[in-house]
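Below: one structure in structure tokens.
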Amino acid sequence: MLRVFVTGGTFDKTYDEIHGRLSFGDTHVPEMLTLGRSRVELTVETLMMIDSLEMTDIERERIVARCAECLERRIVVTHGTDTMVETAAYLARHVPGKTIVLTGAMVPYAFGSSDGLFNLGSALSFVQVLPPGVYVAMNGTHFAWDRVRKNRALGIFEALE
Amino acid sequence: MLRVFVTGGTFDKTYDEIHGRLSFGDTHVPEMLTLGRSRVELTVETLMMIDSLEMTDIERERIVARCAECLERRIVVTHGTDTMVETAAYLARHVPGKTIVLTGAMVPYAFGSSDGLFNLGSALSFVQVLPPGVYVAMNGTHFAWDRVRKNRALGIFEALE
Amino acid sequence: MLRVFVTGGTFDKTYDEIHGRLSFGDTHVPEMLTLGRSRVELTVETLMMIDSLEMTDIERERIVARCAECLERRIVVTHGTDTMVETAAYLARHVPGKTIVLTGAMVPYAFGSSDGLFNLGSALSFVQVLPPGVYVAMNGTHFAWDRVRKNRALGIFEALE
Amino acid sequence: MLRVFVTGGTFDKTYDEIHGRLSFGDTHVPEMLTLGRSRVELTVETLMMIDSLEMTDIERERIVARCAECLERRIVVTHGTDTMVETAAYLARHVPGKTIVLTGAMVPYAFGSSDGLFNLGSALSFVQVLPPGVYVAMNGTHFAWDRVRKNRALGIFEALE
């Protein structure tokens, strides 16, 4: 059994056609799992729907608390890319003994050009086979939490030497 | 380094608008990797573009030969779902010591409702972390080659007890 | 008030993932109107769901009967492209005094690469402003029923000189 | 012969994945015409790429000047929805004797849920058959420039009584 915690991020941004801007509604994760015909046994739980630039330690503590107390030992966290690595470090310090994979998207799922479905398929797969630890799964690759950074100029995640 | 062998299947079917039917053109795999912003180092090689119901031992021998002789030890094979399990068994008998993951799609990538991008993200992830062996990766799950069958009535892959 | 008669054709073909082939289910027209945020007052009525190559005079008589007896004087007929011109001619002979626009698609709406939504927006617009007569609306253009043919080699509709 | 003037608006907004926000790049109109298999003879000319809330009389004068001086007598203008009606009124006062249709989208074309392709098919069709005048074509409907307003609360265009 697996748990997916939703926290928002680009992944889940949608277009608010009344106000003409990006915003958050319900998460797209269940729809994406249906599209992927996912047969993975899992529970999706939305913790918050925020831009990761607005994430503070208050939100991180909530993510930590839910990751620690849930029964599942394999967890995917969807997260904005800008502070994904910070949250990964926070989880690594506070939630030992579980396999936690953070993922997200560079382009909202609601856009035709989104990498979201690819990343979700990737994260769900890594989390099933990696040993306990905290990882970032983006661009088809996984990184240990302390071996990765987001290169904001290029919009990619890259390994720290 | 990873290699992706393309063999066709639903995954890569496209719509021939002149003749009004499904057919094969070039593979969509490179376009899908671009969409997924994949940063995985890999080479894509098209071996054939056929419906897996038309696959005979001649084609399977070709897949085996290329999997055995290529330098990469981690290989993804895109394949039609109908005989994916047969080809997996064939590979298991003839290509020891490599991690080979077969994947495909229930709906062509060119359709809006395709599971292809999710499955490709999944297969590329499993192949990077699983030990040597031959696996089928569909629906977010991986199966050892001798522990899976396609349930044609439901259109899903399921574990053999 | 406007009426849309659905007869099938490429426009409405969908992918049957159990059998791995194109088939017909329910029409996509209501979903397409929702996507287009259509505010046109209209009623959608499915007359049949068939490939237009299989259309005989029995089906054409049914289309004629419904076009003649419905109260609306402005009608869109969705239709397979292969015999769209034949049905247009049949309607022109049997349903005087109404504006009837036939449209369809070269690629099923369910495909990302479909021209269906463009053609539906076009046909609904032409039908609101053209004088009584029977027309084909494809590729952003309208043709009087006796001034058009489908060029099957190129997959386009073109004016007869 | 027809001319399409592009001015930006929601229609053409794209997602800037480096900065995580909506922005403008090149217009999507040529790609949309290709998708619609448009056979309409036309020239696309980008005048500006701006949000219509930022449009001032300086930009409107430029649109007027190009509409007046171009040889075509049938013109489509793509435009943000928020001030589409103001620009329509401006054109009506300054460009007599031509058929000008303004259109746009409630959701960017780059989103899967966009009404853009439907509206473009509609606008291109109305402009070919309506008499000289300035019109707004949205939601499958056309309105004379002085008989329409945008209902911002509902996100629709509606007829003025």
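Labels A, B, C and D are assigned to the chains in the order they are written; within every chain, residues are numbered from 1.
Definition applied: contacts are C-beta pairs under 8 Å (C-beta built on N, C-alpha and C of every residue); 3 or more make two chains touch, one makes a residue touch a chain.
Everything numeric in this text was worked out from a predicted model, so none of it was measured.
Of all chains in the assembly, none touches chain A and also chain D. Once the centre of each chain is set as its mean CA position, chain C and chain D turn out to be 26 Å apart. Chain C has its Cα centroid 38 Å from the Cα centroid of chain B.
Chain B and chain D, compared by their mean Cα positions, are separated by 44 Å. For chain B, residues touching at least two other chains, in rising order: 106, 112-113, 155.
Judged by the touch criterion defined above, the protein chains form a single closed ring in which each chain touches exactly two others. The list of touching chain pairs reads A-B, A-D, B-C, C-D.
Residues 10, 15, 17-18, 20-22, 82, 106-108, 110-113, 152-155 of chain D are the ones that touch chain A when the two sit in their complex. On the chain D side of its complex with chain C, the touching residues are 32-33, 35-40, 106, 113-115, 117-126, 128-130, 137-142, 155-158.
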